[in-house]
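The structures come next, written out as structure tokens.
Note that subunit A is present in both complexes that follow, paired respectively with subunit B and with subunit C.
Showing the complex of A and B:
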């Protein structure tokens, strides 16, 4: 059976289910608007006392916040509802139901469920970034938009790989059901440009857990700070990280014994 | 049965439940630590070698370490529990017990905070050994007053969280209201910055409402930013007044909510 057709069937069911709860759409958008407002106010508070953070001015960081929100939308719409459940299923043995399906378990677990309303966050985030670019009087060239698209896709792949890696940990440490909290905690660091952090924190967010790059690089592409070589490097890094996550997933899956075994 | 024995049993029970989820609790704690760490990082960069609103780098470091500790000691997750208890009917068997469900919630809070805050305290002590900026001067008197303020703040945040959770009797979005409150308290309670760095009008609102007394006041007591018997007594009075208001709100909401809840089953 074609795995795409199977996933499409799951998404159709998923969509029908979500359409019953249309009020959730309004609630989700209001929540995102409130969250964006607090982020902008926080930024405004910092800029009451400074004119630049790590060499970025106010509206440049707003572009970055837009990217952060768009990426959050991808996480909330695709990753949390699907792969976010994995740790619980490993513990309870429900993963059996996934493994008996005639598809690649990693692909299925990753994309089986979509929280479609949260895709609105992607639109809102990109709109915020566009508005900030307007305030900067910057019209990105076609090449810059293409670079942005490439680096944003690379960032999404990196975030996905981190989720796969975190969730794979559940095969070793069965008790950590809410391991996604670990991601949330660290992902907060991506709200500001890498250069804004002092030495020790920069080391943490940039090299130990390379989360900060996921927003800094695409935002740099839009504001014209990015050198073309960096975009290619980002794509290569995304490929490598994806491959590593795949290896880790395979190794982890070997440890799974199932509900009956 | 005496209250000490009841609470002894409840706290031991909560402690043992938490013990099963040690890894999860560490994760939740990490979440409480990153926010102040990031805020400290940004203020550290902004302050440079100067001062902003009276805060130099070392003052920011002390402030945000105190935020980590006091926030962990005063935070209350009860609205999430109550929302679930009410929506999924888990409140029923708790109502059937010869003990008000709030006591179980209080015991949970004590066990959780004893475990997590002591970890943060140890981390702070280790940090202080290596990093003079986060050392506090030895001042037992001030620490004693801070302990009282922390207790009042913890009680107030418990009643805020519990009362908001009770709104689940009427709405499915009680936790969303709590998130809204958390968003506002990011600024008004001093989680993102000391209140003296906010625009004066906003800081004024924080002092008139309950937000300052939730976190910023005990934190500033601990760091020494609030001193002098006048300011300390005014702060404690504010805490007591708002604690009273939230207890009153809790009583109203609990009585009406239980009446409504009973009506659904009957």
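Showing the complex of A and C:
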């Protein structure tokens, strides 16, 4: 089967579904604006006591906050309604109806449902980042924008891989429906540059739960902090994390079908 | 013809955690989990020819669904082999999956908030069905299942029966030669049940599809299946025609009488008991049970001795036969 055709069918389906509820759009945008305002206020509160956080000044962190919000948009639009529902589907047995189809189940489960209004978060997040750059009087070069695009895509892949890995646990422990909460808790850590954390946490965020790659790196690309090699490294990290998550997913699926026992 | 589904000594053992009730049990299970092996399916062997409609019979937990899951590639067996449309289902991959459909009575693939046609279009993309073929097949399914008025309503507004019909349509757009149906009429009213049965037979006749189904409704089985596979505690107890199963399980026949004549009042239960076991007696109706091979002779004697307006010889109700079979075990009864 043609994956693009399937993806197009999913998009069509979700668009048709969501257009019925236009009020969702307004609610979603209002929610995001409120959320961003709160985050900015908290940040402003911090900066009454300091002038820099992990070597980043106020508006630099706002750039990062914009990136954080853009990625949150991706999470809310694609990951939570898609692969985030896996635990429930394993428990109810609805996954069986996916597994008898001639499709890659990971792709099917990941992209079947979209909450398209939440893509507005991506736009709002990027707008916030752009505004912060303006306040910094910085106009990123074309190369910087390209690097930002690459690292942001890598960040999306990393976040996706983390979700796949977490949700794969559903095959072992059927009652992990709340595991998304665990992700949310850890992902809060991506709100600030990784250099703001003490050594042990930094190690954790770079190597074990690689959320440092999701916000710090793309934001650094925009603010001109990124060393040239780091963008490539981010792409490699994304590839590795994706591959690892895929292996975990396959192992989990084998367990589900009893192929490993 | 070569069989389209074969199972050979198919066996599935699940490892389940066991846990004593109460707080102590919970702690114990956490500290030192204990496992127990449960044999869901044991040594099941059968072969199904193309175009057959075969029903699995068995109480809950008998191993019907587990067998169905192995045949559709959802579960690996612990041992044994199977072949479905020329593939080993659990390693057959997409090519095997294109040749089968699985419909589960208690789960749905239809998108809840949208008209069913949206789900059809999704399946069209998944199975790579061309525009012309899609139109033609959809028209056929809509015609057979009488879905014209349903197609444009959101799924959430459909009745259970309409939803099941749409599930069937969605599952058959790629025109699979093999249908696996787990409780397809679950919870449906009689009219909807009949519509689904009629459809399955028509679909089989038109396309030569092979159908394997499980159902708790004996009407499904008697109306559809030329053959039943009776399964209990994971073992295949019987494989053959339903009529032969009934004959084998029950050595009794029922004689149903309607007494007539002016002096019908003189017939009492005691008189009837001389001919066979009285299952019920409410003048003028009476039901007797007599040994199968004596039924013709006994009927003749009843007709000669009593004022009978009507008499018929029937098998005991099929539900009762099956219930009895599972309660007593087929082996003892069959001897």
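In this section, the second predicted complex is superposed on the first by the 254 of 261 C-alpha atoms of A that agree within 3 Å, B and C clash if a C-alpha of one lies under 4 Å from a C-alpha of the other, contacts with A are read in each partner's own complex, and residues count from 1 in each chain.
Rule of thumb we're sticking to: a residue touches a chain if its C-beta (ideal position, glycine included) is under 8 Å from a C-beta of that chain, and two chains touch if they have at least 3 such contacts.
As the structure is a computational prediction, the values presented were derived from the model and not from experiment.
Quick one: is A:20 in contact with subunit B, with subunit C, with both, or with neither? Answer first, second, both or neither.
The second partner, subunit C, only.
Comparing subunit C with subunit B, which touches more residues belonging to subunit A?
B
Report for A:94: first if it touches subunit B alone, second if subunit C alone, otherwise both or neither.
It touches subunit C, and subunit B stays clear.
May I ask you to decide whether A:131 touches subunit B, subunit C, both, or neither, giving the answer as first, second, both or neither?
In the superposition, A:131 touches no partner, neither subunit B nor subunit C.
Between subunit B (first) and subunit C (second), which, if any, makes contact with A:182: first, second, both or neither?
Only subunit B; A:182 stays clear of subunit C.
Touching A:6, do we find subunit B (first), subunit C (second), both, or neither?
Once the two structures are laid over each other on A, A:6 reaches subunit C alone.
Using the superposition on chain A described above, determine whether A:119 touches subunit B (first), subunit C (second), both, or neither.
It touches nothing on subunit B or subunit C.
Touching subunit B and also subunit C: which subunit A residues?
In subunit A, no position sits in both the subunit B and subunit C interfaces.
Across the complex, what residues on subunit A touch subunit C?
1-2, 5-6, 8-10, 12-13, 16-17, 20, 92-94, 96-97, 99-103, 257-259, 261
Along subunit C, where are the residues that touch subunit A in the complex?
12, 14-15, 69, 72-78, 90, 93-95, 97-98, 100-102, 104, 107-109, 111, 113-114, 118-119, 121-122, 124-128
Okay, in this complex, where on subunit B does subunit A touch?
20-24, 27-28, 30-31, 33-35, 37-38, 41-46, 52-53, 173, 176, 179-180, 183, 186-187, 192-193, 197-199
Which residues, counting only subunit A, touch subunit B once they are in their complex?
By the definition above, subunit A touches subunit B via 27, 31, 34-35, 38, 41-42, 45-46, 48-50, 53-54, 173, 175-179, 181-182, 184-186, 188-189, 191-192, 196-198, 201.
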